[in-house]
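Look at the two complexes coming up: chain A is in both, with chain B in one and chain C in the other.
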Partner chain A sequence: MNTQDHISKEYNDELEQLRAKVLNMGGLVEDSFNDATKALLKGKVQLAREASKEDYKINALEVSIDEDCSNMIALRQPAASDLRNIFAVVKIVTDLERMGDESEKIAKFTAELSTNSHSMKFYNSLKSLVQNTREMLSAALDCYARLDAEKALEVLELDNEVDAEFINVNRILTTYLLEDIKNIEDTIKVMWCARSIERVGDHAKNICEYVVYIVKGNDIRHVIDEESRQGREK
Partner chain B sequence: MNTQDHISKEYNDELEQLRAKVLNMGGLVEDSFNDATKALLKGKVQLAREASKEDYKINALEVSIDEDCSNMIALRQPAASDLRNIFAVVKIVTDLERMGDESEKIAKFTAELSTNSHSMKFYNSLKSLVQNTREMLSAALDCYARLDAEKALEVLELDNEVDAEFINVNRILTTYLLEDIKNIEDTIKVMWCARSIERVGDHAKNICEYVVYIVKGNDIRHVIDEESRQGREK
Partner chain C sequence: MRKGTDVELLQNLGDTVGKPLIDGDSRMSCSKVDVFYNNNNQAIFDISVDLGKNEILAMIGPSGCGKSTLLRCLNRMNDTIEGCKVEGEITLDGIDVYSKNIDPVLLRSNVGMVFQKPNPFPKSIYDNVAYGPRLHGLARNGAELDDLVEESLIKSGLWKETKDRLNKPGTGLSGGQQQRLCIARTIAVKPEVILMDEPTSALDPIATATIEELMYELKSSYTIAVVTHSMQQAARISDRTAYFHLGRLVEVNETNKVFTNPEHELTENYITGRFG
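For the complex of A and B:
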């Protein structure tokens, strides 16, 4: 955020505080996703129970940051570039909060899974999906911290890999269902977890798009989707 | 929106146009959800294919409305109540766009379902979930159109019913999986559809919360969740 142009030191501080608060919220979301998926991959029920209790902190930060944005717009009447920044924050915190929800869902399903070691085999099929999504989330937050639009354009491409992994995981889990119908309820719960992980990738992609919007001022959402749609219709 | 207090007729018109545009987007989202779920319930593959192609219109409206909001904030420096309104619109269009995505997913899965009449039996289990969610979506948009906060507080309670229906549907679909393992892929696709329908209920709830925020000025998001969390911890 280029804060050097602002005459008021107080205003500068407010913008910096806002940015710090978003990064703080991002850190909590990352922790919560990492804990939930660690619990899932290792079958740690206790960790899952703890992780599912942390979401209220993320929710409280969303409400508080929205309020800060609203107050800043009302009191400071921000110039175009600051307004774009604040506007993007309003969108970013929505995505962060939804990621918190998905992590909470993963933790809750994990806490409900039966603890027999047999079911461990399908956790292995999730490893690569989890790893890619963790990296994508971490990189997206990093792009926001540095306001690095070039990197953001690279990171958002990773969502295609996450989506492909998800389809793959689904296929593997379906074969487990066929092989071992007794384990059906656990397998379906793991499917819901996989879906939640994939959704976190979608939200990380959204954050990258907002970083591009902050830095370059153009709205690239749906542009790629639209290009591929027109391509298909040709 | 109380536009009588504004001196500038042009500004009044802009606020009215913004509101009309959000309602227009809401109408498209409702159509797309109704078409996708109709195709699902009746097994109409052709309707599903058509429904899955309409999402780009909703996406384009989201980008356009965000731009309008940003321009209005920059040029008009809105007073507190108008700012709250514009702020809520920025959030509402995000939820509308996500509902469009969920409808698109339902339509795509439906288009992929095999057309054998056998699988029709589990569409019946979705009827009530679909009906409740349609009503909730329609009522939520109505609350925004009338800015009716009292009604919004009633409508958001319906999400509990939608969530309960979803759990029910899941249970029924699991028994179908056990009975007829050959149909596993279709059944899982129908499960994904059920999940998307349930998500539409969540987004409709969010819209109701924003209506309360516009009218009453207080942010009720997560308040109910937090109360139930504290209740559990006692």
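For the complex of A and C:
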């Protein structure tokens, strides 16, 4: 990634402001996800209610960043790393906005739970899923902030662990459903939350892929999936 | 990606990156070309690049980088400049264009040129186009010449606008029409290669778009090399793009590669508008 200044100072400022906005949006998403999952793990209904109200800020930033990007494409005609950067930002904010939506869902389901999830038996497996996803999200945003493609390649591998943990949580919750008929409704809500947490991991993986695209110019999306599909067919 | 300042990058510049040479047959080929002007001032250094058949090669770079110098070597326009010396080899269909038994006038009918400023002769539209064929004896009689003029004007997209005023002076046309007249004049002598030196920099956006569309159509019959200061134009029209910097050919690659993910940092700096 080229860090040398443009001849146009205004263009530099616009790109810097764009980056700052994306990082700001990333920070809000991270807070929203952390609050929602904290409420879920600790059974804090009030925190969950507050967390679910913050999503409008994330949505507003998505709209504003998209507008900035389309203006820059029209007025600056970006090329090479600038073009990749702006194109990737458009994609990144979509993933960030969806993460915001998933966090909102987690918060809403948590606020509706009649029992505290931490008193349920599966608490430990859920905690580990949350912890790993939080770390993954934080690391993905860090990779974008530093434009660190090498680290991004490591971070996106974490999604396999998150996926494996989600399957594990699902299995435990299914067993729980059979054991505790009284809490079926709550268990299904927690299942939805686990699903949302796993989706946040997927979106964080996407961000890592865009970072690699910005820095190296390679589109690595679906490459691993395609390789494993071809491997299976052989 | 950052490796050093532009000066350091230039000092460490090795061979041209990307694909300056093409697989298969090329129409024109430059091999280790050096050009010197007066007092051995070297203008371009060790340039090797191919022009493929039916392709548009865009040559971009800051002022004084040697792109026009190289373009003018391709049809020996530099012969007219006193003290200009060309070393290395330039071939057209495998034949050395600087060989002693090549007639530069004949070469220039094979490798035509269109300039920045439209420069029709102070003659009628018809005579502008018929001038070359008459000179080279390409038509046996008046009817053949008429056909050739019509064919050239059709190919350059000017026929509809001029067919009823062929005897009016070429200089009475608009700038964009004059440039298309110059292109008609160039293709009337049946060249293989057309060289264009900033062909649209004196034209408005609509006339520019017409010329660009014409270049796209001409590509199926000719090889085109175009020097342009407009990077958007290079991006729009060319198949491959060559980036020149201080007399060196830094990078040649497919145009979409150059504009999305250039290999060399100097190319990247230029096309993204960074300090050079």
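Quick note on the criterion: the second predicted complex is superposed on the first by the 220 of 234 C-alpha atoms of A that agree within 3 Å, B and C clash if a C-alpha of one lies under 4 Å from a C-alpha of the other, contacts with A are read in each partner's own complex, and residues count from 1 in each chain.
To be clear about the criterion, contacts are C-beta pairs under 8 Å (C-beta built on N, C-alpha and C of every residue); 3 or more make two chains touch, one makes a residue touch a chain.
Nothing here was measured: the structure is a model prediction, and the numbers come from that model.
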item: Touched partner set for A:Ser81, first chain B, second chain C, both or neither; value: second
item: Partner chain in contact with A:Ser8 - chain B first, chain C second, else both or neither; value: second
item: Which superposed partner A:Ala164 touches (first chain B, second chain C, both, neither); value: neither
item: Which superposed partner A:Glu185 touches (first chain B, second chain C, both, neither); value: first
item: Contacts of A:Ala20 with chain B and chain C, given as first, second, both or neither; value: neither
item: Touched partner set for A:Gly217, first chain B, second chain C, both or neither; value: second
item: Comparison of chain B and chain C by chain A residues contacted; value: B
item: Partner chain(s) touched by A:Thr174 [first = chain B, second = chain C, both, neither]; value: first
item: Touching both chain C and chain B, counted on chain A across the two superposed complexes; value: 77, 80, 83-84
item: Of all residues in chain B, those that touch chain A in their complex; value: 53, 56, 59-60, 62-63, 66-67, 69-70, 73-74, 77, 80, 83-84, 87, 90-91, 94, 170, 174, 177-178, 181, 184-185, 188, 191-192, 195, 219, 221-222, 225-226, 229
item: Complex contacts: residues of chain C adjacent to chain A; value: 1-2, 231-232, 235, 258-262, 265, 267-269, 271-275
item: For the chain A and chain C complex, residues of the former touching the latter; value: 1-8, 11, 77-84, 215, 217
